[in-house]
Structures are given as structure tokens and as C-alpha cells.
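Order of writing sets the chain letters: A, B, C, D, E and F. Residues in each chain are counted from 1.
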Amino acid sequence: MGKRLGKWFISMKTAMLAVIIGLLVYLAVPFSAFAADPSGAETLAHNPQSPVDYVWVLVCGFLVFFMQAGFAMVEAGFCRAKNATNLMAKNTIDFVVASLVFMAFGFALMMGNDYKGLIGTSGWFLHGANYDVGKYLMFFWQLVFAGTAATIVSGAVAERLKFKAYFLYSLAVTAIVYPIYGHWVWGGGWLSKLPFGVGHVDFAGSGVVHTIGGFVGLAGAIVLGPRFGKFGKDGKPRAIPGHSIVLAALGTFILWFGWFGFNPGSTFSAHQLRIAVIAVNTNLAAAAGAAVAILLVFLKTKKWDVGMMLNGCLAGLVAVTAPCAWIEAWAAVVIGSIAGLLVVLSVYFWENIGVDDPVGAVSVHAVNGFWGLISVGLFADGTYGLGTTEGPLVKGLFYGGGLGQLIAQAIGAVVCVAWAFGLGLIIFKVMDKCFGVRVLPHEEIKGLDIGEHGTPAYPNFYTFNN
Amino acid sequence: MGKRLGKWFISMKTAMLAVIIGLLVYLAVPFSAFAADPSGAETLAHNPQSPVDYVWVLVCGFLVFFMQAGFAMVEAGFCRAKNATNLMAKNTIDFVVASLVFMAFGFALMMGNDYKGLIGTSGWFLHGANYDVGKYLMFFWQLVFAGTAATIVSGAVAERLKFKAYFLYSLAVTAIVYPIYGHWVWGGGWLSKLPFGVGHVDFAGSGVVHTIGGFVGLAGAIVLGPRFGKFGKDGKPRAIPGHSIVLAALGTFILWFGWFGFNPGSTFSAHQLRIAVIAVNTNLAAAAGAAVAILLVFLKTKKWDVGMMLNGCLAGLVAVTAPCAWIEAWAAVVIGSIAGLLVVLSVYFWENIGVDDPVGAVSVHAVNGFWGLISVGLFADGTYGLGTTEGPLVKGLFYGGGLGQLIAQAIGAVVCVAWAFGLGLIIFKVMDKCFGVRVLPHEEIKGLDIGEHGTPAYPNFYTFNN
Amino acid sequence: MGKRLGKWFISMKTAMLAVIIGLLVYLAVPFSAFAADPSGAETLAHNPQSPVDYVWVLVCGFLVFFMQAGFAMVEAGFCRAKNATNLMAKNTIDFVVASLVFMAFGFALMMGNDYKGLIGTSGWFLHGANYDVGKYLMFFWQLVFAGTAATIVSGAVAERLKFKAYFLYSLAVTAIVYPIYGHWVWGGGWLSKLPFGVGHVDFAGSGVVHTIGGFVGLAGAIVLGPRFGKFGKDGKPRAIPGHSIVLAALGTFILWFGWFGFNPGSTFSAHQLRIAVIAVNTNLAAAAGAAVAILLVFLKTKKWDVGMMLNGCLAGLVAVTAPCAWIEAWAAVVIGSIAGLLVVLSVYFWENIGVDDPVGAVSVHAVNGFWGLISVGLFADGTYGLGTTEGPLVKGLFYGGGLGQLIAQAIGAVVCVAWAFGLGLIIFKVMDKCFGVRVLPHEEIKGLDIGEHGTPAYPNFYTFNN
Amino acid sequence: MRKIEAVIRVEKLEEVTDALEKFGCPGMMVTHIEGHGRQKGITEQFRGREFKVNFIPKIKIEIVVKDVDTDKIIQLIMSTVKTGEIGDGKIFIYPIENIVRIRTGEKGEVAV
Amino acid sequence: MRKIEAVIRVEKLEEVTDALEKFGCPGMMVTHIEGHGRQKGITEQFRGREFKVNFIPKIKIEIVVKDVDTDKIIQLIMSTVKTGEIGDGKIFIYPIENIVRIRTGEKGEVAV
Amino acid sequence: MRKIEAVIRVEKLEEVTDALEKFGCPGMMVTHIEGHGRQKGITEQFRGREFKVNFIPKIKIEIVVKDVDTDKIIQLIMSTVKTGEIGDGKIFIYPIENIVRIRTGEKGEVAV
């Protein structure tokens, strides 16, 4: 039975594209009439100030897209040379699939007209009334975020997950997991309407993007089990060094750079001058996270651990993503510092309980995404509202906002974990039943580049295969 | 005679710079008076909304510049380690030469006052009345495009063309080939005035940049002949794997990123909110191209071919460059998908007829640039005009625009191919007569890095020389 | 005694963070009241055109931040594989330290209320009245510049300086050296008020950023002494090839890209349409520098020297940084060409007098930063003022501005050198007394990656250790 | 004294080393080589085109041993690296005239 | 049995391998080495400064053969890699005591 | 003729080469190997976790010499690379049957 289903998956995969195209062509004809403002003339006439907002959102969106390169480099750098081609393949395909699937279904489910606070129900295939500059702008923005959530997972399942499985996983996450939870928080869904504080808030996606991606990744890592050699016969975790610290650092710089689009751009408007504060907070949290992480490991091993510093930097960025618009500079430093502490503890923790997360994706995104959501309930200082300078203002415990916001954040965070981890387990388990998600032992030993792609990443170099 | 000419070229080369500087100094004195609005004060007074347009055009221009890094990485990744230094040299020098030559001649030929629809005739050395913020802005924009056209060729002639020849080729392309054809389409030349449809249109340069670059590259590849070992004694093509899939992927991400400046920025104004639609279309075509390419090769070899996926992604981007402003999302997916199909067939085709295109530059840029031009005549949906929301609107066959636009596109495309391929052949043939464009056999075998530059790219690594 | 001090440094280092956090928490409570315009509502109301300026400054700031990646890649590429991890660590930590320290002290010293033209005295910890969108924007901009100044040094002291020493050096430079000199030029300090020309001017920081960084680097290189093997027993300089020309080229492209934020962004306003001229000048100088450098070396060695071309490109960028807003295109070409000449001579010069500057940081930043400052006094054409289109306009010798401006530039340049080199010597000498700034001989031979970090950069590759 | 030279599969290196250490084997030299033998090379592909790779990465281990240990060590190696599949590799035994420990200058069996 | 060890030019590897395969040569070990001999090293440069590189990349081929084949194979190698230019390399012939095929445990000539 | 094979510290290669050249040594083959012996491996770390590396990069030098030169060259090598610290390496001397200079076809000592 698993076998048949497996076959089915494959045929489905190759069919997918034809279907999409067919559908599109079919849908094309009738609706084009209903097009709203495809040229943007009316929109501009109605709001002559909109160009600067469009420029801001698009440029920030481009930066967020560029984070794909950052993830690819960080993951490649933290994994072995024999799997580098595979990591490039996965980090590309997830955004490719996200682009097509999110346009077809995801966007409608996330941002379409709300149905009972659960899902969106309009905008399939960006069609009809969605042929509008404003709608396309929003789609572009949400798409690059969906792509980010998807790509986070590749790090946690690296060096052993089949490409095919990753292909299908990308489909599932960008068509269902991400958009539905996203609807609950950003699409006018029930979480945003919680009767505590101003409802659950997540400014730029510590939860929607990072906690989701991180916990789906955790599920994947658990279903797959650890890589050969990650745990000694004595069960003790062993280090498996990545093949290029330079790539890892380059990737981190690219991500840091992209995050300046990710967080400030989430105002979705340049008229929110708060973007300056957001940029500063984003940067300070990254710096604090990196500093704390490298100093902590130095105290333990007396060596300056670059890999951990890079993880710490990313942890700070993930954590500050939710609160970045509602806090002051000093709070960003505190939040980032705690993220740096958490990521170090977390990396050791998962290894010690036998979970193999090759690049630290779970520690960085899952754990600190969660921390980021909570931190809003503590540090929000009541100087800024929901993407607007008007009220309701977001106020946390430390600024006399009481427990309300903290509760709203906690509920959202827990729901996020349950949803992502639960669906993640289902997705990977089902695929595993059907065709096995893990490559064969000898393929894993030789490296996925040969087995899955037939293309070693560095054919001109003498590489070790450890 | 060839010898003497050869000598002449060399002395010329070293003299070039002195001359340019001399000229500039000379020209400097008299005209400065005629300067138009060098400070921008009048321009701003006259159009208080211009700052956002300047920001948009400059930022997009920066992104287009960054594509130089993308091309360098893709080409290096797809070629062998022993030629990596040479590829870095070429990918840098072409933009260096473009900057100086386009400022001296190219810009005037392309955007200067039109003479009989054939060439521009003013603006030499950005001088006199061109010392104006608006003129400088336009120059910057056109320059980064010229640089892109020039750099495309380096991939097709990789691993065997002399650096000297590439240096001179860059001169010729940015001084003559690119600007003159560019004038015909974007400088108010005859192609833009064709009596079919709205005249030949090419929104962001599938033709002006990519078809031109691609076909000059094809000419170069033909004059050079294939690399040693590309074809077996039996004449059958053999794979020569590139030395880093990671660099190839990084480069592709950078190019994809830069393309968001390339296409949307081509509105040359942020007040065209259509930029949102352009960004979405650009991204969808890239995704569709990548998806189709990797799936096609999978059906053939049962392996997930990353190299081809990257080519497919770029093919989709090239194809959508011309139509991006005039089509709907679903059309972008279709155009990109066809590009993905074309690039795969094309890669096999050129190899089978004995043309050696190391990185697939011809298949990506020449073939899909052509397809992009044609696609406008089919998918343009009549919702947008020539960089403005007012008419005349561009309408293709599938939207009841009849054959007019398609004919205009076909004519332009054919002219583009003839012009680029013809001049390309002349340029490379003449150089070959004078001093031989190809490195000596033993240099090619040892790698151009040693022979031409004396600097191996990776002296600390153990590399194979295959 | 040196020993005790050494110990003290270490404890201090680990304590640093705790202190900062403590302080912040402490300071947080009382002042939040005094916050100026944290949400940006008033600022927007007061100047409805500000959004485009905020977008411009932030986006350019992001690009400047990205230069960190550029420096990391260039330095890694020009150094040996065995020190690549160490270079990644240093290029990350300097920005991390800069972010935290500049926020705590540097920004206040540089941009706070002026005290006798010597230092700024307000804005510690971005606190109280500094919780304002405008202040945060300015902080962000100044921070990325401070980070750039700091990171320049890592190249000159590469492959032998202890990480600990670099950590502390970063502290000193971003807390004192950079901000105080910066105050003199950009903070309303005495240099900006010199009674010559319009006072000493430095548009985007040839002096404030590059000359400062370059001369502190020179001091470091001198205190450290040359790397093993840099000079033969005969005392003759020997080449120590870097481990990746590809990384060096990638880094240069990233820097070139980032410079488009560095220079044009320094208008701090998008309403200065002069940004178009600045972008063009920036690009032309880079191109001219690269062209001259590669041609010069070719005349000497008959090889196309890529490493020197990349240095030449950066030299042109550094040189044009000060004059970029006040000159015409042709002048940018001349200034860049001279920079290309200077960098070549300078690289040979420093080596011949026994200074070991592994990546050419001194030749690129120190020497050409100086040249950039002087060039303003020669080429400023009187079409533009001090970040405004109104007067006083900046006019140099060649445009009938007389010697005034040239004198102002010369004074500033000399002061810059004295300040940077003097403090640089003190910083490195003091650290050397306390704990020795240079790693142990066997660590240097094995590479700093193992000794300082325990993490070789490329564990999967067969590397030579020369 | 003899030199034992064994060509083995890359993935077996760790096991062999452990086994030899347990046995108290004096020392060894490990070289990454490319082997060519009965074992057929794999098929790779690049940008859509497939090609055969005739060389297979192998590990070459060289150990100089006292005559008495020779057979034991050969047995040891065989038992750890043998899979029965083509590509297991081979062991070559060479005569050796002398050996010197640079550090001490000791010669002959004591230097092993 | 003997071991034939040949140092050849990097670019000759493919040709030699083909020739040996045709001859039906059992197997071989290929090592990338750096050679130092009569052939003068090349001059490289970095950031404007030239320097000599004294080591030249070479390929070392090792083949263990039956005594009867020794000369034929030596001839074969010489005829394929000889260019007459300095740097052609050398062939060294060593005695070998025994050889074992790990997969089967066969010893001596049959294991070649 | 004999083959002298020396395992030395990576950082000693340059010195040895110079010394051998001065001595007028015919030629040599240099191989980058990983050694395993008395010298203990170092401890590395990755993302916070430490681990031991049991192999130490070493350089293997192979020189084929005339019998008369054997001892002189061994002395030469020892004197240049000896530090007295563990890890100095060893020198192995092998018999060699014959040697051919491919370029000329010369055989025996003249080909050395």
C-alpha cells in the first residue's frame, strides 16, 4: 500500500506543474474583466503618497528574498562538503515551490476574506479582482515570508532527507501549515482577536515564520533520526564539523542584511517612521546575541567559537523579530542577550536528548521564535501600536501593561508550537510510510550529492568523506 | 600584417586610459558653463515628487550592478577551478571597461539626440549640458545594463579566451554593439517606431541586454571552438563539471535578487505602481523555469539536476524580462515554464551541434531572450502602456491584440539576433586574425589562471586539473 | 604587573556585557518619560516628505552594513586558509562590539551636544530624549560607518593578531578613536570650522572612516611585525598568496555594491537629487582605479594581476568617498586613476620598508583616504554645498577656489593621520605590554583557526599549510 | 621488518584505525588516493549530461611492522575491512631494509 | 610480482589509464603528489609580487604486476607518457613479497 | 639504489628541500599524508562541542638515491627536521630493483 501511494506521489509530482498551468489558463479567460487596478493609476490617484510605500515594501521584500541565499550558505557551511549540492537544491526548490504554491493556494488561505477566524477564502491564483497593484504587493511580501519559513526546515533535516520528500514537504508547508497559522495572526484570524492585551501580536514573525519553521524542522529531525556518527556507540553526541566557516559567516551576514528588510519592512508603509527604531533594535539584538553566545562558549572551552557566535547572532535576530517595533534599544540588547544564552543552552540540550539538528535550526528558530513572542509581553513599552502610531498601543508587563499582553503572547506561542510540531510530525510520518523519507545508508555515507543529484559539489577539490 | 595590427592593439590598450583622461581634462574646461542642473535644485523645484523616483531608480540600479557578482559566481561555479581567477578577472574588467567607455561614447550613442532613428549623437563624456542630475541618473541606469550585456558573454567564451581579447571585446560591445541596438529600441530609434502594434517593445531588456549578450557570446564560442576534452574522439559531447555548485547557486540567488532591480526598476519611476506586478511576475517566471527544468531532467536521468535547475531559473528570468510589465501572474508562470523547457532543449542542442558553451549562457540568454521578446506579442494583456498607465496599451494575440504586436516583436527579435551575431563574429574574427583569441594549448590545459594571471585561484587547496 | 593587567582585561571582557545590560536596565526606568518622538507621528506631521528620506537613509545604511560581508570575503580571500575562521570571527566581532559600544558611548561622543568643538556630550545609551525616530535614524547611519572603520583594521593585522586583542581594539576604536575624530568633522567639531575654504570637509568619510581605519591598521601592523615567511632571510619581501581569488573578488563586488549606500546615502536626504551624481562618480572612480592598477602591473610583470585590480578598485572607491558630492564625472575618473596608481606604488612601498599588510588595507584605505581628502581641495567644482544645494559651495583649486579649501583639507588630513596612527600605536602597545598581542609562533604556523578557535575553516578539504 | 600497504574503502578508515590502536600498532601513514580496479566507477551528471567516473576514492594505509606482527596485522585489517563486495581492496607486503626514528636516531626494529 | 611506480605529468593520466585498461591491467593506485626534479618550477605572482614555485603537481601511479608483465607495462607507460621534454617523470620498480585480495583472501599472483 | 621515505612535520618541508637541493639531490616526490603515531592528535571544536582529531597532517618525502648517497642523505634529513619533540617522524629505507627515466629511457643508477 505504502508502495502504491509512493508511486502516486511521484506521478503527482511530475503532473503538478501541468495542472497548475492548465488551471491558470482555464481561469484566465473569464475573470480578467473583474480586474481591480492592475495599472495602479487609481491607487495612485487615490493616494499620491503611495509610491514611497511601494518602494519601501518592495525593496524590503527583495532583501527578504535574498535571505534565501543566506540560509543556503549558512546550511552549506555548517554541513559537510558531500551534501553541499543537496543543500543548494533544497534551498532553491523550497522557494520555487513556495512561489508557485503560495500563488495558487497559500495566499488565498492566508490573506483572503476571513471565514470564522480560521482561514482565508479568496484570491486563489491571484486571480480576478486580485489583479491589482495593491494585492500583488501584499502577495509579494507574504510570499517571501512564506519562503523563509519553508527554508528554515532544510537545516534541521540536512544530510539525510530525500530531495523528493523535501519537495513535497515544501508543498505542504507553503500551501497549508504556514498560511493557515499566518491567517490566525496576520490575516485577521482568531489569535489576533484574543481578549487579552491587544490580542496576540507578532510584529515581523518570530512566531509565524520562525517558530513555525523551527518546530516543523524539529518534527522532521525526530522522524528522520540522527545522522550516522552523530552519536557514538556510547550514545554520546559527537561533533560533525561543517565544511566551511567562511560560507557560514557569509550566510550569516546575508541573513543579517536581509533581516533589515524583514523587520522594518513589516510596517508595510514608509510613513511609519518607526522603521528607524525597528532597524536599530534589530541590529542591537543580533549583536547582543552574538556577543553572549561567543563569550559563554569561551568560558566553557577557552576557545572563541565562531559557529556558536553565528548561531547567537541569528538567535538574537529571530527573538527580536516579534517585539522589534514595540521596544526601546536597551530592551533589544536584553532580548538579544537572552537569545544568545538560550541558543547555547538549546544546542547542548537537543544534542543531549538525542535530536540531531545539523545547523542548529531548532535552537535558533524554534526556541528563540518562542522567546521572541513572549518577550513582547514583557518589554513592549506602549509607544507604538499595531503598525500605526495610533492606539491601541502594545504594552508589556515591565511597562505597567499588566499580564494581559503576556497571556496573549503565551497562548499564541503555545498554539504555534502545537500547530507546527503536530502538522510537521504528520507530514513527515505520512511521507515516511509511503516511500521512506531518509536516504539509504550507503547514500548517506557517500553523501547525498552523488546519490540524489549525481553531482558532487566540488569535483575539482580533494575532499574528505568523513 | 596581423602581427603589426596585434602590436597596435596592445599599445592602444595601454594608451587607452591616458587618452580618456586627456580628453576628459581637455573637454572639462569650456563646457562646464553650460551645465544644466548639477545640484538638482531646479529639478526638485520643478517636480517635488522626484526624490522617490530617484531613490527607486538608484536602488534598483545598485541591485542591477550587484548582478555582476552573480554572473561571476555562476560562471566560476560552472567552470573549473583552474580558470576561476581568469573568470574573476573577466567579470570585473568588463564592468570596469563598460563604466569608462559607456561614459565616453556608449551613452551618447544610445541616449543622445536621435539621428535618423539610427544613433544618438550627444552626451559624449557626460559633458556640458549632461552635467545634470537627471542625465546622470539615466546614465547610471543605462550603464549597469550595458555592463550586464557585456558580462553575459564571458560565460560562453570561458576557459579558453585570452584576457586581452576579452578586454578589447568589452570595449567594442559597450561602445558600439550594445548602445546602437539599444538606441533603436530605447533611444527612440527605428525599431521602437515600427508600424506594427505599438512598435517593437522590450520592457527591461530580454532583447537589448540578453539576446544581444547571448548571441555575441555564441559568436565568440563558435570562433573559439570547443575546449579540449569537451568532445570525445568520437565527437560525442562530454560533461566538464564546474568546480563549485555552491558558487553557482550563490550566483543564481544574487542574480535573482538583482533582477528585482532589473525589471521593476525599468519603470524608471516609482510613481508607476505597476512595479508591484512586475516584481511578482519576475519571481514567478524564475520559479516556473527552475521547476520545469529540474523536472524535465529528472524524467530523463532520474537525478535531481541542480545545475540545470539554476539555468532554468535564469532562463525564466531572462524570458520574463521583456513582458514583465504587460502580463498577468499566470502568464508569467507559463512564460517561465516554457523558458525552462527551452533551456533544457537548448543546452542539449548546442552541445550536439558541436558548440561549447561552458555555462549555458547561450541557452539562457540568447534563446530565452528571443523567446521573451516573442512572448510579449502573445501574452501582453492590454492593461499597461509604455512605462505609463495611459495608452497606447500593449496587447498581444491571446488578448485580442491581433498579430500586430507579435510581428513587431518578431522583427525586433530577428534584427537583434542578426546585429549581435553578425557584429560578434566580426569582432572575434578580427581579433583572432590579429593576435589569436585563444590561449595556447598547454596554457588551456594548465588553466588560464597560471598562464594569463600567474595566480591560481586556490593555492592552499589540493585541486585536480582535469 | 603586565600580567595582572592582562588578567584584569580578561575579567573585564566577560564582565562587559553584564555591565552594559545592568546599566541599561538601571537607566531605563527614569527617563522613558522624556522620550521625544519614538513613534514618529510628530516628525511625520511636521515634515510629510520625510518618509522618502527615511527610506533612503535606511536602505543605504543596510548596504553599508553589508560591506561587513565584503570586508570579510576580501580579507579571507587574500589570506591563507589556515586563518579563515579567525578572519570570520574578527570581521563579525568588530561589528558586534561596535553596535553595543557605539550605542553606549560612541554615538554620544560623536553626535551629542558639542563641547568646545572637541567632543559630544549627550545621548549615552540612546537614552531619554534620544528615544526618537530621527535620533535612531542618525544612530543607525553613524553606527554602520563606525563598524566599517573598525573592520578595516582586521586586514592589516591579519594572520597573527590574537582574537582577544582584536576584541579590545574594537572596543577602543568604536568608543573613542572613531567617534572623537568623527565629532571634529561631522559632529560640528573644530575641523569643520577651520577658517579656510568652507572648513575641512569629508563628504562620506575618506578621512573619518578610511584614513582612520587605515592608519590604526598601520600602527597595528607595525607593533605586530611581519608574519613568518613574509620576508626572506635576505630581508626581501616574499609573496604570501591568499587562499581564494574568488572570495576576494566576491568581497570586492559586495564592497562596491555597499559603497553605493556609503557615498550617495551620505546626503542623509533623498531630497538632495545630487545623489545621482554621487552614484555615478563613485562608480567611475572604482572603475578607473581598477583599470589603472591592472594595467600598471601588467606593464611590470606582463601578467594580468587580479589581486591588484581588486585593490585598485577599492582604492578608487576610498579616494572618491570624500569628494564624490562636489565633483564632475571626469574628475572622478582622474581621482580614481590616481588612486589606482597610488595603491600600486603603496603596496610595493610598505613591503619594501618591511611593513607586512596582508591584504593591502593600508595602501587602500590609509593612503587613498588621505588622497581623497586632498582631492576635494583640487577638484571640487563649486556646484554643490555642504549636503545642500545652497551655499556655501565647495570649490577647489582647479575651479578657481584658490588654496583655501586645499589648506583646510590638508590640515584635516594631517590631523587625521596623527590622531589615528598615534592612538593606534598606544592601543596596540599597551595591549602588547599587558598580554602580548601576537599569537605564539607555533600557533601562527599551524594557523590561528586551530589555536584561537579550535575550528579549521575547511575540515573537509585537503589544504596546504604553507 | 616489513611494510604493509593496504588499500581500503574510505568509510572503513575509522574502524581500522581503532582496531590497530587496540592491537597497539606503532603508527601508520594514511594517504587519500584514487583507485582503479574491478570495481566499476559511478555515473555522475552535470547540467543534464551524464558521464562515468573511473576512479574511486580509496584510502591507502601504510604500516611498518616487526616481522613477527606481520601476519597478525594483516589478519586484523582483513577482518575489519572485508565486506565481500567488489572494491574491498588489497594488501601489499614489501620488504624494508631499515628504519630510523628521527627524534632519537634509533635504527631497526626498535624504531618501528 | 613487482610494484611499478611511475611519476607522470598530470595531463597524461587519462591516456595512461586507457592504455593500461586496454592492456588488461588489473588495477592501480593514483596519488596526486608534488614533484621536484630537473624540471624548473613556474613563476606565479600575487598582488604585484612574483615568486617561484618549486614543486610541480605530478601524478604517481602504482601498479602491482606479475613478473611476466613487468617489462610490457613499463614499455606501455613510457610509450604513452613520453614527450621528450624535461618533466616526463620516472618509473621505479620495487620488489614485493606478497599480496592479498581482501575480498577473497587469495594470496600471491592470483591476487594481482 | 634505494628509496628513502621520510615522514616529517609539515612546517619542515621547505628547509629539507633547500638542504637536499644544496646537496644536489636528484629529485623527490612529496605527498601530503595524515600520520598516526605517538604524537597525540589535537582537540578541535564545532558549535560548542569539542572532539579529538587523531590524524596529524604530515609530509611524506620519497627520494630514490644511489647506494653511496644513502647515508649522507639520511643524515642530512635528520639534521634538518629533528626537533627532539614527539612527532619528528621517521625514515624508511626500501630496496629498489630498477629505475627508468622516461624522457630518455636510461635505466639504473644513471637514471636516478
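Definition applied: a contact is a pair of C-beta atoms (placed from the backbone, for glycine too) under 8 Å apart; a residue touches a chain by one contact, two chains touch by 3 or more.
Nothing here was measured: the structure is a model prediction, and the numbers come from that model.
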Contacts common to subunit B and subunit D (chain labels): A, E
Selected from C-F, B-D or B-E, interface repeating A-F by over half of its contact pairs: B-D
Homomeric contact subunit D-subunit E: same or different residue positions, threshold half: different
Interchain centroid distance [CA atoms averaged], subunit A/subunit C, Å: 33
Geometric centre distance via CA averages, subunit D-subunit A, whole Å: 46
Length of the line joining the C-alpha centres of subunit B and subunit F, rounded to whole Å: 52
Subunit E: positions in contact with at least two other chains: 31-32, 44-46, 50, 94-95
Subunit C residues counted as touching two or more neighbouring chains: 52, 55, 59, 241-242, 301, 303, 305, 307, 453-456, 458-459, 461-462, 464-465
Chains grouped in pairs wherever the two touch, ordered by label: A-B, A-C, A-D, A-F, B-C, B-D, B-E, C-E, C-F, D-E, D-F, E-F
Residues of subunit A defined as touching subunit D within the complex: 445, 450, 453-456, 459, 462, 464-465
Residue ranges of subunit A in contact with subunit C within the complex: 49, 52-53, 55-56, 59, 63, 80-82, 241-246, 248-250, 252-254, 256-257, 260-261, 264, 270-277, 279-280, 283-284, 286-288, 290-292, 294-295, 298-299, 301, 303-307, 309-310, 313, 328-331, 333-334, 337, 381, 383-385, 389, 399, 458, 461-466
Complex interface listing, subunit A residues touching subunit F: 78, 237-242, 297, 300-301, 303, 305, 307-308, 311, 344, 347-348, 351, 360
Complex contacts: residues of subunit C adjacent to subunit A: 13-14, 17, 20-21, 24-25, 27-28, 32, 35, 38-41, 43-44, 48, 50-52, 54-55, 58-59, 61-62, 65-66, 68-69, 72-73, 76, 84-85, 88-89, 91-93, 95-97, 99-100, 103, 125-127, 131, 133-134, 136-137, 139-140, 143, 163, 247, 449, 452-462
Subunit B contact footprint on subunit D (complex, rising order): 44-51
